[in-house]
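The letters A, B and C name the chains in turn, as written, and every chain counts its residues from 1.
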Amino acid sequence: MSAESINEAGATPTTRGKTGWRRLVDVPVLFVAAGVSLVTGLLLVFWVAPEEATMGFPYKILYFHAPIAWCALLGYLVAFVAAILYLRSNDARWDRLGMCGVRLGLVFSLLVMATGMIWGRSSWNVWWSWEPRLTTFLIACLMYCGYFVLRATVEEEERRATFAALFAVIAFINVPITFLSTRVLPGDMQHPSGVVEGGGLVGWMYPAFFVSMVGMTLLFFALLRNDLRVERLKEELAYIKNRLGS
Amino acid sequence: MSAAPALSGRRQFWALLRKDVVSELRTKEMLISMFLFSMLAMVVFHYAFTATGDIDLSPFTGGMLWAVFVFASLLGLNRSFVHEKDEGCLDGLLLCPVDRVTIFFAKMTGNLIFLGLIQLLAVPVFTVFFVTSGYWADLSTFVAVLVLADIGICVLGTLLATIAMSTRARDLLLPIVFLPLIVPLLIAATAATTEVFSGDVTWATLWGKLAFLLGYDAVFLVAAWGTYDFAIGE
Amino acid sequence: MTASGGDAAAPAPEIVVDGLTRVFGRRDVLRDVSFSVERGGFVALFGPNGAGKTTTLRVLATLLAPTSGSVSIAGHSLADDPTPLRRTIGLISHSPLLYRDLTAYENLRFYADMYGVEDREQRITELLDRVELAHRRYDIVRTFSKGMLQRLAIARALLHRPRVLLLDEPHSGLDPHAVDILDGLLAEIRAEHTFVMVTHHIQKGLELASQVLILDGGRIVFRQTGAVDPQAFTAVYREHVREGAVA
């Protein structure tokens, strides 16, 4: 198959044929921006931000823990919106976005739990506590793993996308509900949440926190964009293989 | 040829419900299995908790009860569409000029009836096995908790079972997608039930949990209503 | 496209399919399929496996949604609320669509309720007589033979007096006796209904058809109205279809 006919088949051109400033599109702008932000953040966190009164040095993991948590939720939110858009338009691209959103959300959720466990172990000597936020992330992880299991069990593309979208909607609705429910039950709220809930950020903590947050979000979008591109290429590859094979 | 829509919706609902209930009562496969499972689960729980000798299980009774019923209900939910799927009748159902949401309500009500029947038998047994303080006085509260939680289980379960039945791994998939989503309901129901079983129920502490259950039911009912067309096929 | 025998004041066709396309991602399952059937007509759809015959039928049966194009049956458009359209169609598939744990009567009663049939009891009795299953009225369907299942399926499909009957390989898996009964019934109801039949059985298809279509790769590759000679047709089929093999 010639290059022309592959293009006819609908393959999306990459940099071929682009001139001048359009080639910039392929330069990983977002990754660079994220990198710069995060490195600055790291510097601020470790050299500039003061130690917190009661928790000492280890609390600094919060500067990563909180932005990572936010990015995880962002991933699920992206998937939720993409799912609704898919159900309304039946456009396969929304399905792709949803899947990448969930995947990133899962990765970041695992990191949340990991950083949470590190923090817990270093500050209070417990590997795990069933406090609301950590538990919600655990449940979210389990739910969204189910998302991928669901995708794996449906062979027909359109139905797979529809079901995945449905599930992404239901799962996202369940995240706040789960969080709420873990506060309904009395007991087991030993995880001190002072800093995170807004009280306690002082002076130089603000910029460090802010820069970290921005950097992590940029990283999220950089990864998302990259993921989307990889998925799209995978699909095209499968399509071309199919055409060649038949 | 043009029956008033509202009327026929009701007729269709009853036709669907009757079909499912009659089918099940004829074989009783599912009911018997669910009941036996509940009994066996209780036995397992007894041995799971009394490893260090006979201890007072009252703080755990709420949790055990709902663990038993959540798992038993999975058996039933898996079979929500078994006749349609195994006997290839799903097309027949979808061909009918019936609102898809009507199908949902009929299936959900069927599941609710079956779960309720099981509980009618299993709860007294559970009480005899594990509950030491009498809660006869709070029976109506307890029934309210049961009903609200059952509705939540059946609404969410029926919706997910509809999705799961069209996948390759039907029976395997449902627990995986159902269990994480039912956790909030489990938490609230367990808290409320433990309170009832402990014998000292106060409205102040209970109403929040009941309200939560009600909210949960409402949210997922609306979600099912809005998405059921997609879940059951085009 | 239309085939009403050149009558200038022909009534509106019963089934109109226009530009039916079904695509997902980059896969074309159906591409720009168009045909129409006059009332009382009979369309036979032939084609190799995977050509889109069953997909076309399922779109007509409202079981699948098209990506684009329009379908209208008995004046109802698929794009609108499918409920009135569903009242006008009946499907006879190679699967009988019956509940094995219910009796024949219970099955028919269920479908009658679902379709809102007004004279339910009378209609059930009438149809059971017609398909010669009255004596098995209260027997559990699980005990029926394949031929009996198919007859009951016909009763089910006719319960709500549909104007259009969709047949998806109705003869498959039936023994000769059952085939005869099915053919007899089809001949009886031939005049009152409009048909679309998907089949691999050339003989049967051509006997009944007033219009013949061959689908391949999602497209209509051959179309003819009026009587078609079976011998000639086999040759035509081989010519138009890449993978030749024919029942």
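Just so we're on the same page, contacts are C-beta pairs under 8 Å (C-beta built on N, C-alpha and C of every residue); 3 or more make two chains touch, one makes a residue touch a chain.
Keep in mind it's a predicted model, so treat the numbers as computed, not measured.
Taking the mean of each chain's C-alpha atoms as its centre, the chain lying closest to the overall protein C-alpha centroid is B. The most distant chain from chain A is C, comparing centres defined as mean Cα coordinates. Averaging Cα coordinates per chain places chain A and chain B 33 Å apart.
Averaged Cα coordinates give chain A a centre that lies 49 Å from the centre of chain C.
Between the CA-based centres of chain B and chain C the separation comes to 39 Å, rounded to the whole angstrom. Contacts from chain C toward chain B in the complex involve residues 61-65, 82-84, 86-87, 89, 91, 93, 95-102, 106, 109-111, 113-116, 118, 156, 161. Those residues of chain B that touch chain C in the shared complex are 1, 3, 8, 11-12, 14-16, 18-19, 22-23, 26-27, 83, 87-89, 91-99, 233-234. Partner chain B is touched in their complex by these residues of chain A: 87, 139-140, 142-143, 145-146, 149-150, 153-155, 159, 162-163, 165-167, 169-171, 173-174, 177-178, 180-182, 184-186. Against chain A, the residues of chain B that register as touching in their complex are 159-160, 163-164, 166-169, 172-173, 176-177, 179-181, 183-185, 187-188, 190-191, 208-209, 212, 216, 219-220, 223, 227, 230-231.
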